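Below is a structure I'd like to ask you about.
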Amino acid sequence: MKVTLAMKPTNTSFIPIEAESIVPKNFLLGTDLSVWRGNRELNLDEVFSVSVEGEADRPEDIEVVILGEDTFRLKRVGEYMDGGKITVLGDIGMHCGNFMSGGTIEIHGNADGWLGREMAGGTILCRGDAANYCASGYRGGRKGMTGGTVEVFGRAGHFLAENISGGAVTVHGDAGDMAGAEMRDGTLIVHGDCSRPAANMKGGSCYVYGTAHAMLPTFKKIGTVRHEGRTLIHFTGDIANRGKGNLFVKDYRYLD
Amino acid sequence: MSELLIKNACVIDPLRGINAETMDIAILDGKIVEDVSGAAEVIDARGALTLPGGIDSHTHICGTKVNFGRYMSPEDMRAGRTPRRGPMHSTSGYSVPTTYGNSYRYSAMGYTTLLEGAMAPLEARHTHEEFTYTPLQDTMANALFDGNWGILEAIRDGDTKRVAAIIAWTLRAVKGFAVKLTNPGGTEAWQWGKNVSCIRDPVPYFEVTPAEIIRSVVEANELLHLPHSVHLHCNNLGTPGNYTCTLGSLGLIPDLNPKRQTLYATHVQFHAYGGSGWKDFCSKSEPIARLVNMRPQIVIDMGQVMFGRTTTMTADGPMEFNLYRLHHDKWSNHDVELETGSGIIPVIYRRKNLVNSIMWAIGLELALLTKNPWQCLLTTDNPNGAPFVRYPEIIALLMSKRYRDAEFATIHPDTGSRVPLPAIERELDWYEIAVMTRAGQAKALGIQDLGKGHLGPGAEADVAIYPIRIDEVDPSVDYQKVIEAFGRTEYTIKRGRVVSRRGDCLVDGSNATFWVRPKVSDDYDMGKDPDFIEKFDRYYTVRMRNYPVQEEYLNRNRCIETEAEI
Amino acid sequence: MIVKDVVCPFCGCLCDDIEVEVEGNRVVSVGNACELGTTKLAGEKRMKNPILRDGNEWKDITYDEAIRYAADMLLSAERPLLYGWSGTHGEAQCVGVHMAELVRGVIDNTSSVCHGPSILAIQEVGHPGCTLGVVKNRADLVIYWGSNPIDAHPRHLSRYTRYADGFFLENAFRDRKVVVVDIRRTETANIADEFVQIKPGGDYAVLSALRAIVRGKTETIPRTVAGVTREQLVRVVDLCKEAKFGAVYFGLGLTMTQGKYKNIRNAIELVSELNRHTKFTISAMRGHYNVYGSNEVNTWMTGYPFGIDFSRGIAFYNPGETTAVDILARKECDAALIVGSDPAAHFPRRCLEHLADIPVVQLDPYPNATTAFCNVQIPVAVTGIDAEGTAYRMDGVPIRTRKVLSTDYPSDAEVLSRMYALMQEGREG
Amino acid sequence: MTYLMVTGRTVNQGVTVENKTSAEYAEETSTCFMHEFDMLELGLDDGDAIQVTGPCGEVVMRAVASAEVEMGTVFVPYGPYANHIIDADTHSTGMPDFKSHEVEIEPTDEEPKTVHKLMEDLGGLAYDR
């Protein structure tokens, strides 16, 4: 079954629309769903022209396609998603794929903050850039992402994979400041540059194929290793935090 | 004039010796009366269990420390969020809910009176502000004196009357209800990063021992004729082998008061540990209960631990730091100048953890081994042992050996060799539960004469009607029904108004705050004492005139005046 | 007439030993206060009556009209922002929370642009702190990190630290060491025993290095960290470990620089680590006299200290999304009620551009920068001068501010309560 | 030339903060404290007008020499002038980069605007009664 949600053009109001109801399994029961614009509850079809092709009796057989100019205003799409597919033919707003445990979300444009927050499983592909707190945790510093994979083909913002405790995050472009902060477990790979990677890490592995700017002084240099055809410098730390994590960088600069 | 008649109530009212009599309860303008007119609104209880409103004699719900527990725990707030609905405001939180969350959930369980277990006098205003937003229960607060410099000095000088005078001035100033000692001496030592090991270990600089503090403050408390006894959180909370320290502390207490206990020892589960370390950690509930059984002057509360996530918070700063070093999680500490301190950390009690399993057993053992239910009251030291919403499960565990065995089978396998619980057959009855959840509290707090904890004519019309017929339910078998019944009343009535119906709160409410004002002679009025004033001005950072809590902070002001012997 | 023990409604020190001389209905002199407090207590030109923007001019209106306007604005909004709150008393803040809950709006206070990051850090690792008097009576080491009390909290040094004698320190100036850490050699740095000058953006690295050195891992640390030599770092750690009682006070130099709350988290973790060796505490130098009160009130009523979004009925908290600057810059609100603050003076321009596009009502005694963006401004009494109410000092000690003048201006709580009553009629009645 | 702009509290900012329409407040918050060498390099004397350009536009301030700031760094008291060029991006923390902005500074003949004018440029309406 393919559900197409074409977002209707709206006035200039930028008030976000919270659409946690947009999860494949919800469409098993039809399209009578509601979303929220600020404090107003709206029917799905007030915001989208909805069309459904084919049938399905399990989420795995459902693809939801979201398109339109204003899709960047949609928050919480795919929250608690456990199967099926969501394709966004454009940008998506904050909290896409939060608490996701299964299925696939593919974003053709950019994703706003908290993409895949506290994700436990499944796959997120972001063809464009991901903003801050991609694959991170929630306020209060509890576990971040615990499983699944997030792949960003563009750049990622600050606090990428903050508190990550499992799963794998790959960013093909540069990442911002504090990538992998408070990392506990899991894997973070940044193909480009980033600054202050793996700050205060306890465990897990963080790879920076580019340059680690403002490298923190509290990582212990072990030596060099070969990794997927690259030579990387291996550090352990963060020793400020009794950390037992591994940080691999192509090169680095201290703020000395 | 508002009249209410509750018909066909199956009443248990221990303070009046009533045990499961079916009767009517007449209410006029918020008080229980002999009779009401035919115009009275009628509630048919249909034989459901009807008790005086529940009273929690040791809980942490309002004030600086509690609010900091909320402040630092957004992840806890995500649980239990409800939107504004009718007269109910929105709520958040599980182990440290918002004030409305506490009030609504307590009310749904039939609780109408709460005692905040620890209020730092300097920050009392904060506690009273939160009381205002805890609308469905009457409130009162223990004021902390464990590290009070003036008192430590007076004790060093052997001047018990001065100790009493300082307590009197402070209680009156901060609108406190009772005297709390938390790890006496330890909180002062902690302001140097130290602690006291037990009751004979002197406090740095002041050179007085916890034993001297406890004894002297107990005497002072009785000099002031306060309704409640001294409320003690013993030294050494949570450490293996601390039961000897607890026995020593309880052993210090003479029997000074014919009407009530002379000492209320709180959350004793945390103080009943054997062993020389965590490896041979074990239960010492038996010697503790044996001592309590021999000493009518002692009342304790359980401090039951239940498995799951919660937040620990106490004025016992050094203890919280030790916990932090065990868990290495978030840690907050807040020392209060010239007075006391506090600490907070989140914890998870796990069934698979041997120490946690033993702690769980100890609380139940204390309740089951203490012969007289008036001497062991039901608490979790909310939220330290567990959030208060777990009370119904605790009631069921105390009433059902079968339930205890079923739970026991799920905890750490080595627990059996460390605790006496499996051998304990006792199952508490409905009457004993009523004692441990309201009547006993009223007596221990000394508020039964103020119309609390019973349903006699003249009493405050605080009533809880639970959806259960005790003639039809065998609690030792149908413990699930007991849990459901105590989890949500059919009606909770506060001051003659139905405030909660099947879990929904119906009114915004407005509580009363109970506080004491001991009348002392001019010689003992610290407000006029040059030395007291001079030290206050020099060492506090708040002016003496700005220290007392103004009456603006009390909703319904229930001032209890006492005639002091000084 | 001289009023004693007046509470100063300027900064988070909340000094309560002020003497104010009142003649007729004017403050003629102020004693004990710093320059900041004196000027505020001496008063400034107040707005006379409520005003309404009518096209390109201002019209005087009545309080009833103004309050009705605000109530209607909030009731009809899809995502109203209720912002400010640190410049008023707790009783008013409580009404504000009830209003936000009723209209399902977002309520945020000025901590999102002062110590919000400190709160985010505390939510990750907790907060070993104490009241100011504990430091005054015990601390033999005080560290000011990224804070400049001489300019921002002028009496902090004389009441609690550098010049404040205490129970265990008869001569504070001699017995108490003061360390200042900053990127600028501020005036405060000039009165320090040790000044640590850090390259901009280097606080986090320096804090990490200190933690490692406290744990005995000095050898891993490079020769210099963000412009600070390893020798000086070791010297500072030794000072800390030798102290009987150490206290860190940090300011916006940590909260406003790169990494934001991670800087504070690192500082807190340093202090927690130091507690394994000696007694150490850390506290934020809160700015507005009652910004901490707005955190306290929000916390007991909603569970969160700031940045609370009631759009969906339940409280949702996510600073960076539900905070005022983000919401305004992203144009995610359609009305704003401003109480006890001046966002137009303190927010980046993009936020003001949105304020210009939406209806705005402000409660403030004075014409200020935000006035220019108001549809309606309602002048109110100044808490601590002609209104009384609860304020929370930077260390959490609540103090009731005094009323030294009586004027005809209503208090924030009075105005907001009337507004809330109208809103309840509109929504529930 | 590029400089790091740091904003912060000053006594004078605090003293005038409750009277934002005053000339004193405008004067204090439109002051850009610079290292004297940086001023030399730009040929500036105390009190000269400068155009400060940030990520979100430009604003005219006055340069004043200060011993407190390092070369390459300038300090501006909190207020509407600094905020006229500060980026609203908080990196999803709620807090803008008030203390770490790269700015361009060059001499100018223009005068600093009044606070009223700044507000009106952004769509506000001055109230001056």
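Labels for the chains are A, B, C and D, by order of writing; each one numbers its residues from 1.
By our rule, a contact is a pair of C-beta atoms (placed from the backbone, for glycine too) under 8 Å apart; a residue touches a chain by one contact, two chains touch by 3 or more.
Here the structure is a predicted model, which means the values were calculated and not measured.
Of all chains shown, C has the CA centroid lying nearest to the centroid of every protein CA atom. Distance between subunit A and subunit D, defined via averaged C-alpha coordinates, is recorded as 37 Å. The mean-CA centres of subunit B and subunit D are about 56 angstrom from one another, to the nearest whole unit. One finds 22 Å separating the Cα centroids of subunit C and subunit D. Chain contacts: subunit D has residues 91-92 touching two or more partner chains. Within subunit A, residues 113-114, 132-133, 138-141, 177 each touch two or more of the remaining chains.
Among the residues of subunit C, those touching two or more other chains are numbered 120, 123-125, 201, 258, 310, 312, 317, 319-321.
Remark: the chains found to touch one another pair up as A-B, A-C, A-D, B-C, C-D. On subunit D, the positions that touch subunit A within their shared complex are 91-92. Across the complex, subunit C is touched by residues 13-16, 18, 36-40, 94, 113-114, 132-133, 138-141, 177-178, 181-182, 196, 199-200, 214, 216-220, 238-242, 254-256 of subunit A. Interface residues of subunit C, counted against subunit D in their complex, comprise 10-11, 35-36, 39-40, 44-45, 48, 51, 53, 56-58, 112-113, 116-117, 120, 148, 150-152, 154, 183-187, 200-201, 252-253, 255-258, 260-261, 287, 307, 319-321, 323-326, 328-329, 342, 344-353, 355-357, 366-369, 371-373, 377. On subunit B, the positions that touch subunit A within their shared complex are 72-76, 78, 330.
For subunit A in complex with subunit D, the touching residues are 113-114, 131-133, 157-159, 176-177.
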